[in-house]
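Each structure below appears as structure tokens.
Two complexes, one shared chain (subunit A), two partners (subunit B, subunit C).
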Partner chain A sequence: MRRDVRNLNHVFEPDSIAVIGGSPATGKLGHVVLKNIMDASFQGKVYPVNPKYREVLGLRCYPDVHSIPGKVDLAVFAIPAEHIPSVMEQCGRKGVKGAIVLSAGFGEIGRKDLDEKLSKAVKKYGIAMIGPNCLGALDPSKRLDTLFFPFYKLGRPRIGEISFATQSGAVGSCIVDMAAHFGVGFAKFASYGNALTIDDADLVEYFGSDPRTRQIILYLEGTKDGRKLFEVMKKVGKKKPVIVLKAGKTAGASQAAMSHTGNIAGNYTAYQAAFRQSRVIEANSLAELFHVVNAFSQPLPKGRRVAVLTDGGGLGVLSADAIEAEGLQLAQLSSETEKVIREVLPQYGKVGNPIDLIADSGPEEYRKALDALLADPNVDSIIVIVLFQAPALDSSILDIVISASDQRKKPIFAVAVGGDYTAESRKVWDRYGIPSYDSPDFAVRALKKFTEYSLLSQKKK
Partner chain B sequence: MPARIPEFSLLEKHGIRLIPYGIAKSEKEAARIAKRLGYPVALKIVSSEISHKTDYGAVKVGLKNEERMLAAYDDIMESVRGHRTSGMLVQKMARKGLEILIGGKKDPQFGHMVVLGLGGVYVEVFRDISARICPIRKEDVREMVMELRSNPLITGVRGIRPIDIASLEELMVRVCRIMVEEDIEEMDLNPVVFDERGYDIVDVRIRRGV
Partner chain C sequence: MRRDVRNLNHVFEPDSIAVIGGSPATGKLGHVVLKNIMDASFQGKVYPVNPKYREVLGLRCYPDVHSIPGKVDLAVFAIPAEHIPSVMEQCGRKGVKGAIVLSAGFGEIGRKDLDEKLSKAVKKYGIAMIGPNCLGALDPSKRLDTLFFPFYKLGRPRIGEISFATQSGAVGSCIVDMAAHFGVGFAKFASYGNALTIDDADLVEYFGSDPRTRQIILYLEGTKDGRKLFEVMKKVGKKKPVIVLKAGKTAGASQAAMSHTGNIAGNYTAYQAAFRQSRVIEANSLAELFHVVNAFSQPLPKGRRVAVLTDGGGLGVLSADAIEAEGLQLAQLSSETEKVIREVLPQYGKVGNPIDLIADSGPEEYRKALDALLADPNVDSIIVIVLFQAPALDSSILDIVISASDQRKKPIFAVAVGGDYTAESRKVWDRYGIPSYDSPDFAVRALKKFTEYSLLSQKKK
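Presenting the complex of A and B:
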């Protein structure tokens, strides 16, 4: 691992932060970011650096980095681009190993000269630099938060095991906000902006070796060095699930192609190939990204055979259609399972899959059926559909599904379609790590990707 | 010194077997080659100036005997009059079977890659392709086949025998190697006609890097 990539520890888990350009003026970036670092209850030392002030937000302010008495792990830059290379050089001499450059005004507006000076300073000292032109980083477990969005507008995720790198600050911040809303926990987040030195591949590699990260998300528009990203994804993909949302799929097909291949296989084809070869799971939309991310709270399925348990026939049929369309299989239930179902529903003639418990079934019927399916050797995964609207069901059904999932025997995906009551109920599942979906096809599509990932990792071990 | 088709020579150099052919400079020579290959044959003008040969009427296929072959020869020479040509390709007619496209491309971000799809019009209409970054192994080719929506046509379906997948695997792995070793920008083997016993590579296009 490159020296500066290793030094990303100083970005995500610093003991001390200098905010270059920290300011008492409320409109300034240096004010917002400093305030957010403090509001997030960062536990280490915070040093505003600004020659204009003696004190900012109740903290002693330093005229330059050298005047700071103790060591500094991370420098967050909120000053105009012109001044950054020389201050970075000072940081290097001071022994700073992590940097986040929030400021814009570099290569993206044609200032390649500033890019050159900045990367020279950074490389000289092996500083891990995120940016420039980015949102910075989050590490909820360290209460590190350099995002310059106010807390009341943009939620922050709880502590978790997902690390997320994003090329776009805008999409990144939306995903962070959504994660907070859905109760999805994060280990680390970085918006890498122009990726002048630390790029997509470096972050994936770092997350791959980070002990607190168990799942990696990447939002990508384009990469500068596909080969490097490919090699890193192949390495990390063996250890941890990597889920990518790739934007910009249509552009890039070669204009001057002379061959059929050149015409039909655009740049996105190469990305797709790279994802497949490295076991990276591709989500096709923001919504699907979360659908797939949530699936990973469940144990991996051993095969494609799905059992569908429902108290609403129609939703079972919709699931069966989606299972067929996505290339999964409806499980052939074992005779033991059939026996249990017949005991549960004596009026039943033939027991099929989907298992339709019909609307007057209560939580107890669900419990028995779920236990049978968890024990059924012909079943690899379970989709449990709950019609919260039905009068026979009370909220104890939530607990029954959670208990079944807690056995960690097979993946259980929950589906509940409806309005406010249903949505509120699903939230309980979300908090307990039951992936739940408001449409059967969402559940099936996520299960398909989860299953493919599982089969591929079994095969290539 | 017999005329050469550089694309063919490149593949041959790497041990890829093309459908039997010869290059004729005259009608007499064409007749001799056709007799050696056995009828039916196909004729195709060899010319670096004409890229869409079919549109030009510079390709004639399914020529069953010498008489028809010679007539086709004249027709082609007539339709390419005024263009620089370097001979007439006489090819044995390809077997009947499944037309497959095997392609290669150098992607600006990821480097060399190979592409597999159904040949003919299917590939452009349905865009049913699978791609891999080079190098690949035979297992990758098997995965690529399964990724195609049209995979039953390859692996066998009611009344259609599966094609010779082992030779497809070997060919794809070789194409990948050529892409990298020769630093090729774009390549089409299209169509390659497969049946259960093997394949015939009918046409090749290659663009080298500058």
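Presenting the complex of A and C:
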């Protein structure tokens, strides 16, 4: 097999893109993907390919790839499955080295014959191919966007340091959309679908050596080559945090996964063992995946001792419950911290952890308490709970938490639960790399995974 | 003790309200609460009481309650704790029968002396008092709103059928705000704080006999009279679903709860036993409380067999995992349903559960599949997953799910994960009583609690 078939630079760093099936008909896949490539302001050349049209979306349209005058680096396929192998052949002859096949209708519906033909074509010409049956790829720093979901329905993340490989386009789109919503940045994204050539392990390995990627996410139902994936995870897991959401754990779900991408989800306990051995962090749900991913913008904690700072007593109690349930510890505050808190809250004699600032507290009380906790040698991480609804707080509390986080001394996780005002306020933190959560237990569970990863990394160093 | 001290009609159905400490100074508690009472368009008389002013917010202000010319039903206290017992005495002499004491500074900070004085006053005159150290009360149908959090920060729910008693004002405000955000309606709300007179059990009992309340929520750290609460829960639990979030389960959290409202959180296992015996549903987190509450707008399921309908394969697999993990069952679809699905998806041979409509499906495919599932005798409940990001769907999918839900045949839970477009779309469902969730496992866990409640109710009938 030619080495080129695994060279993902051909997919992520093209200078020119051909959209096979590019179309002016708004309902068509080939329309949406072409429009999105243009709307993302891709800086290179874009060539719609469709024998039915001479112009599409203001661009000259070509009857086939051979008619395109210049070089084509990446071909994006948005035509029916049965035509794809022969057009891939043409692309090969044209010298195309990267391909993304969005179309479904291959092995996942029993058309193993089409799989074989397509596979033969890409191997013959050394084409790195993502798909088929996938959502495409994204690289915000290159303005590369082959996702076929419209911009107004699916937000696009800003440039960042997270790279994400997903077997499910749907799950991929949900996470990408959430990231955009909360202002969380992405380095690269690929939905690899049926993984006919490029698979989970290839993407994880590529992200592992990508200098802009500092954190890797993988959504996985089942892999074709468990050994290969395990070896890659072990290698990459030493360098960068890898967070996996494994679906298809149970018999019924595994059945569903089978019909979905044609891959067997396999024995979950074997996966779990592999994750553990390769320092991969496992998320237990879609929500938790996002919760854990966000945590990594903070510095790693040195231990399990958590301080909780709150202006809502009940939210502190709920956090304390979660901290003990998850095997973290409520920090014993130093006498220095206790002194500061007593100065902040002269009326209230008892200083405990959670520190309950009560609802009358303003931003200044938070600032003093946060400074004390950052300096406290007994505290490894801080959960700061803000009841934005309280009249005593104004939006300067956002800046105070951001300033504390900017010191990069200890991880700070924020919790704020509520409606419109609270949700909009929280987004500011997320944009500044402070993970925020809308239920105390979400913050605690993410902090637990983050802490475990940190302690494991310290041990293995 | 005079019977009146537990008559909550005095609090929830006043014709006139005096705001003790009503003030023109925007930072003051007495300003915010007076403004909110007026902004909520309370239909009765409102009297600010404050010797410093002659007029507040355009209303005549009185130096004391005796100077008020007319009858006063409810007094809302927003003055320092130490003055409250004597003013409560004056209220008693004036004939006030309901009181809400927002101010903190009583037993929870060791001022048992103030507790005793206040208690003596309300008992002497038969005043039903909520608080002290609480957030106040809400009845959207009466336009009663004594919450001291500003409207722009804390949304107010529409008129509905859920009543909510909370020991923590912070937790109460979070849930109220979320309900407003998602368009979930409330009948009554009370934050009872230190529960000096009116306690958890009194509120649950009152909500139990309130004709507009169909569902009751309780946030509880610890109760003063476990036996009383247990008896009330047993009685009310037979008539209406009662959902409890118990905080202070662990040693550290229990300590935090103690300093927060001055109540001991107590032995969690005893609470659990009481909840089980009284058919009370326990939520495990703040998020889950809201998730479970929403479920009850749907008809009760007859059994554990769940059908999952999705246009995103991966989201179906994740749901299937959660269904098996939570002890629900993936329904075996009837041959009639399979036939319909095969007609809807001619290309795709295998019909399983989850039903994967794939991303090309439009609203019409959903409609046909939903109709088949509503008629299928093998299906007890339906989880419908919508990838709003998919180009093939337009917003008519909202109406199709609403129409299916309006048939009231089986519970329908919706799942949609994403950013702005998805979040706004989901809200439409919540407003129409279709519980919607932003992670498949959230839907499944809520459905599990809902199903268990249903099966228990069937057995006990």
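Convention: the second predicted complex is superposed on the first by the 435 of 461 C-alpha atoms of A that agree within 3 Å, B and C clash if a C-alpha of one lies under 4 Å from a C-alpha of the other, contacts with A are read in each partner's own complex, and residues count from 1 in each chain.
Just so we're on the same page, a contact is a pair of C-beta atoms (placed from the backbone, for glycine too) under 8 Å apart; a residue touches a chain by one contact, two chains touch by 3 or more.
Quantities reported herein were computed from a predicted structural model and do not represent experimental measurements.
Engineer: Between subunit B (first) and subunit C (second), which does A:57 come into contact with in this model arrangement: first, second, both, or neither?
Structural biologist: neither
Engineer: With both complexes superposed on chain A, which partner does A:38 reach: first (subunit B), second (subunit C), both or neither?
Structural biologist: A:38 sits against neither subunit B nor subunit C.
Engineer: Of the two partner chains, subunit B (first) and subunit C (second), which one does A:154 touch, if any: first, second, both, or neither?
Structural biologist: A:154 sits against subunit C, while subunit B stays out of touch.
Engineer: Which chain makes contact with more of the residues of subunit A, subunit B or else subunit C?
Structural biologist: The larger set of subunit A residues in touch belongs to C.
Engineer: Please indicate which partner A:440 is in contact with in the superposed arrangement: first for subunit B, second for subunit C, both, or neither.
Structural biologist: second
Engineer: Quick check for you: in the superposed arrangement, does A:248 touch first (subunit B), second (subunit C), both or neither?
Structural biologist: Touch status of A:248: second partner only.
Engineer: Just to be sure I follow: which residues of subunit A are touched by subunit B in one complex and then by subunit C in the other one?
Structural biologist: 257, 259-261, 265
Engineer: Under the definition above, what is the set of subunit B residues touching subunit A in their complex?
Structural biologist: Interface residues on subunit B, with respect to subunit A: 51, 101, 103-105, 107-111, 113, 115, 117, 123-124, 127, 129-133, 140, 143, 147, 186-188, 190, 205, 207.
Engineer: What residues of subunit C sit close enough to touch subunit A in their complex?
Structural biologist: It comes out as residues 27, 29, 32, 104-105, 109-110, 148-150, 152-155, 166-174, 177-178, 180-181, 219, 221, 245, 247-253, 255-257, 259-261, 265, 284-288, 310-325, 330, 347-350, 352-354, 356, 358-360, 387-391, 417-423, 438-442.
Engineer: Write out the stretch or stretches of subunit A touching subunit B in their complex.
Structural biologist: 222-227, 230, 254, 257-265, 267, 269-274, 276-277
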